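There are two complexes below, and they share subunit A, which is joined by subunit B in the first and by subunit C in the second.
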Partner chain A sequence: MSNLEVWDGTISQKDFYVAARTLVERWKQVNPSLPQWTWIPSKSTLMGSSCKEEGYLSLENMFHIDRNEECLIVDSFSEREETDDVATLVHSTSNETHIYDFHIVYSFSYKVPVLYFHGYQSDGQPLSMDEIENDLPPSSSKILRESKWTYMTLGEHPYVRRPWYTLHPCATSDWMKLLLGGTSMKDLDISSYLLSWLSVVGQAIGLRIPLELQQRSVKHPSASCFIINN
Partner chain B sequence: MAAESPTSERKGEKRKAEVVVHLRATGDAPILKQAKFKIAGSDKFLKVIEFLRRQLHRDTLFVYVNSAFSPSPDELVIDLYNNFGFDGKLVVNYACSMAWG
Partner chain C sequence: MASSPSPSSPSLNSGSVLQFDRFQSLVDVGFWHRLSSLKLDTLGIDQSPITLVGFFAPHSRAQVSNHLTLLSESLPTAPIDHASSIETNLGNRNRCPVPGILYNTNTLEEFKELDRDNLLQIEANKILEDIRLGKVEEDSTLLLRFLVISYADLKTWSFRYLFAFPALVIDPPATLMSLQPATQMLTAEEAESLSAACNEWRSSSLTAGIPFFIVSINSDSQATLRPLKDWESCQGDQNKLLFGFYDPCHLKTNPGWPLRNFLTFICLRWKLQKVRFFCYRERLGLANLDVSLIGDALISIPTDFTEPQYIPKVVGWERIGNRLALRCISLAESMDPQRLAASAADLNLKLMTWRAVPSLNIDVLQTAKCLLLGVGTLGCQVARTLLGWGVRKLTLVDSGRVSMSNPVRQSLYTFDDCLNGGRLKAEAAARNLKAIFPAMETEGIVMAIPMPGHPIPAQETASVLEDCKHLQALIASHDVVFLLTDTRESRWLPTLFCSHENKILINAALGFDSYLVMRHGAGPNVSTPDNNLECRDDGTAAVLMNELSLKDVGAKRRLGCYFCSDVVAPIDSTSNRTLDQQCTVTRPGLAPIAASLAVELMANILNHPDRIYAPGEIASSITGNSAQPLGLMPHQIRGTISLFSQMTLLGYSSSSCTACSETVLSEFRNRGMDFVLQAINHPTYLEDLTGLTELKQAAGSFELDWDDETDDDAEIQ
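Moving on, here comes the complex of A and B:
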């Protein structure tokens, strides 16, 4: 590979493994109190050969709490006849906890990472696409609706072998090229690929990525508060 | 807007009333005539994004900082500057939406 070659924004499966390890370590440094990214090695590889570095990243049991306020209007009558009926508002809150799992899987066809995710209620009932979209902050909904670089769809998770929601990866190499492609091939720091990638993907699905994660050397490690929905 | 505050306890960080932002066009994005401006450190990055949208008359932009990530609109400009600024300014790159690959 010559130094003059222009990078196309894609990575190899081995690069993905290196980048995954960086994400796991950095996330642990920056967010030690949150659920952690774990590398799940695949038992049998997709390409038919044995490779211990093949697998995917998993972040599970992310809690999203939706606070609903229900207003019950109750008519109450004053004791004195001449006064008007008084309507009182009674607020009751119902907390619905949704739980999300996020997986980052390497796509052999696009040669980039792909996000797979799903949500479910505390009783295990899966969330529909509408319910998931409802959980998203407005900025994320806007990205998914309007941007040309990603959209949410259902796809078969290549390892779990069930339909999960996914962000389509067809434009990933284009924007990764913008993010990391300023340097020549020899200076390219592939290990930080997923940190950069996650800063973009996180915004599309309402996953708050702390700023400290982007520092290539940690200056002030801190337990940042993780907010899925603002 | 924000008054000058005493130096932060954290080493090397200062609270600034204003941050100089330098907007850099990348890809095929149009270059702004006025590419440098000042913004209050206490403002959110959203303000920079919205400024770009207005100037370029485009709603979908890809906005990122040179250290290779796209900041969340909720990030404070002062935090971005303190961590990723250099030469007294914060460089913000922007590109227009890419076509489908």
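Moving on, here comes the complex of A and C:
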């Protein structure tokens, strides 16, 4: 790897694991009261690689509480009036909580991280794309709709093996290159890759990433001013 | 009994009815996936009850109660019930396993006819019996048995279900004497010790899955957690005792549902009537005694409860407010393989827009209804390529059967299709397309295209007339017509109809090693009194034509059709041909090339703002990139394999054209099918009509060589 080479925006699987550890630790320091990122090692290796540190990052049970929505319920079973006994507490309608899970998975074909996520109601019913967009802060929906770097789509989660929402990775190396750009290979702090990556992706899906997550780790101050444009 | 200093806060003077906060369910999508596989692969129509394992944990997130959760691991891995595999799951301390049972029916009627009350009663009876027989001391999770009834509709991938958390009803109900945060009922030392003991209990894999325990606090303020079966040994010492349990509830004012059966158990087995209980709750995964509660309850159980045959009253159906929480969930989008295939195909197309051609209009291609006339080498290949563009509606017309030589060259047929005389091509192709992509709509129509120069026997006139009308109706009801037949004359009638209906027509024809792919121009703007009144499937065509006639002056020249540069009308070209000519032998690579060009030409047309009216362009090294997203908009493409070369040509409509000229079209509009029949039965009629006969006679007197096919109207660069 020559020092004159310009970085192409990608990351190797081994470096992904290192960057993942950095993210886990930094998140714990900055957001101790939120759910934490955990590394889930995969039981079998994809791509036949012998890397022991193969797996993905998981952040689960992020809550979004919607104060306006009422719990919906299906048709009633029978006509007869039933109630529970006096020892049962009967609630008035409570707030509907939406729960989100986020996974960061390494893509072997694009050599970049990919975000997979899904949301569901408190009873487990999955949220549709529209319902998820409703939960997003307006700045995020704007980014998703207008930016040419972020494409939300359904894709098969390579480990869970079910369709999850994902931000398509085809443009990732391009904007990572811009974000940490101008760095020659020897100056690149690859362990902070995911912190920078998440600061961009987080904007698109409404994950509030405090600036402290990035500070002291990225060598180029311009990185924190990065804004996604058309 | 248990007594301790109450350093602060008044107890209630007289107790109120102890009200428990209901359990709520959460079913992960993976559970339904697993249940579907189980039904499809193993259980089939077997409706016997299925053992389940549910998971819950103490309350941990502010404002939100913890739910009883079902995951894919909740179902047995057939055929052995792997209850022990729970230990290997991640986050064991976050998932305390409890036993449950699922009644899943095969039909909606059976679901509605389930005797719910009876099923709930059975589970309640089990709980009472487990208490009586001393099984709860061994396995306390038996107090939390739950019940699920469901109906899984595996055709529509929708699931209806209802949970129940059976609780034995005690009459009169237990009364709550006091309920405080734990820190207010304990000294600081006791609280610290209790926290530590709880954390240890929660971290050890031996005890993390045990949700009920006895808290024993000695005179040195040291707390230990003991399993229920240690009750006897707890009796001797003078320690303070609390009855603790994992409490999923978040409310400050009420304990959670697990306490109900726990209190009943304590009273029945250990004959206590005054119980100090400990609602264990957490924050950030660790014991939190500000959020945890300690309360005092009074409970008395009538004696008949202890009799062996006693049937206890039970409540526990999950409710929202007072209504049953009967839920229906549809997972078609993530489970139906056909929809998954369709959305994967769509993603592919979207990637083109995102990365390569942002102004590409995919939607107009996906919604285009395409009619393929002829399902031979060209037709099969056109159909396949249209699939790649996401076209979802294809109608295929062919009168023939799959013959033995077809499968190797005609990519929609298999060996099976040519056995036993051969399947009908149109039907076989339609079926095989659906086997490739089930989400598409295909229809195969077995019909021969009537051709001029092939006179009709009198007795067949009626059926040929039907075919003509049918063909016109088909053309009217589609957006794009591909003309892929194997003779010249079979192209006449479709050309006429497309001109009349002003439909986009793409024509492909093959020689031995050369091909022609072209789009026909718009129809002539001959207005008839009926134009405005005609009821069309595609109303837009009629409107456009009227607009064009208003702007007639300076209108662009119409592009020509297949017959425009002919000077002979289509006649019978099939008789007296040698065998190899009749079979239209071509180099195998030719049809795929021509077919691909035909489809890409269509893509360009549909993405052009003027569509059928788009002017023709010619490829030139000087002009550079076209303004349109997909590039050039040619009129004709001719190529030859022997030179591996290809060129784009431009030709305008001829006023003597036997298929698309104003003369012919107005005659058709005036006389309808009579005109068509006349053209079919009398080979020279068209030439007479358009003046070609005269032209030929006039030309003949000049002794020109008619074999030279250069035409005044064609421009070649």
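The rule we apply is simple: the second predicted complex is superposed on the first by the 188 of 230 C-alpha atoms of A that agree within 3 Å, B and C clash if a C-alpha of one lies under 4 Å from a C-alpha of the other, contacts with A are read in each partner's own complex, and residues count from 1 in each chain.
Throughout what follows, contacts are C-beta pairs under 8 Å (C-beta built on N, C-alpha and C of every residue); 3 or more make two chains touch, one makes a residue touch a chain.
This is a predicted model, so every value here is computed, not measured.
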First (subunit B), second (subunit C), both or neither touched by A:P126: second
Touching partner for A:L180 - first (subunit B), second (subunit C), both, neither: first
Residue contacts with subunit A in the superposition, subunit B compared against subunit C: C
Touching partner for A:V200 - first (subunit B), second (subunit C), both, neither: first
Which of subunit B and subunit C A:T97 touches, first, second, both or neither: second
Touching partner for A:C170 - first (subunit B), second (subunit C), both, neither: both
Partner chain(s) touched by A:P158 [first = subunit B, second = subunit C, both, neither]: neither
Partner chain(s) touched by A:E146 [first = subunit B, second = subunit C, both, neither]: first
Residues of subunit A that lie at the interface with subunit B and also at the interface with subunit C: 148, 170-171
Partner subunit B, residues of subunit A touching it in the complex: 139, 146-149, 170-171, 173-175, 178-180, 182, 192, 195-196, 199-200, 202-203, 208-209, 211-212, 214-216, 219-220, 230
Touching residues on subunit A, where the partner in the complex is subunit C: 32-33, 40, 61, 63, 65, 71, 73-77, 82-93, 97, 120, 122-126, 128, 148, 151, 153-156, 160, 162-163, 168, 170-171
Residues of subunit C that touch subunit A when the two form their complex: 17-22, 24-31, 33, 61, 63-64, 67, 69-70, 90, 112, 116, 160, 162, 167, 169-170, 173-174, 251, 254, 260, 284, 313, 315-317, 319-329, 331, 333-334, 340, 343, 347, 350-351, 354-355, 358
Interface residues, subunit B side, partner subunit A - complex: 10, 26-27, 59-60, 62, 64, 66-75, 79-80, 83-84, 93, 95, 97-101
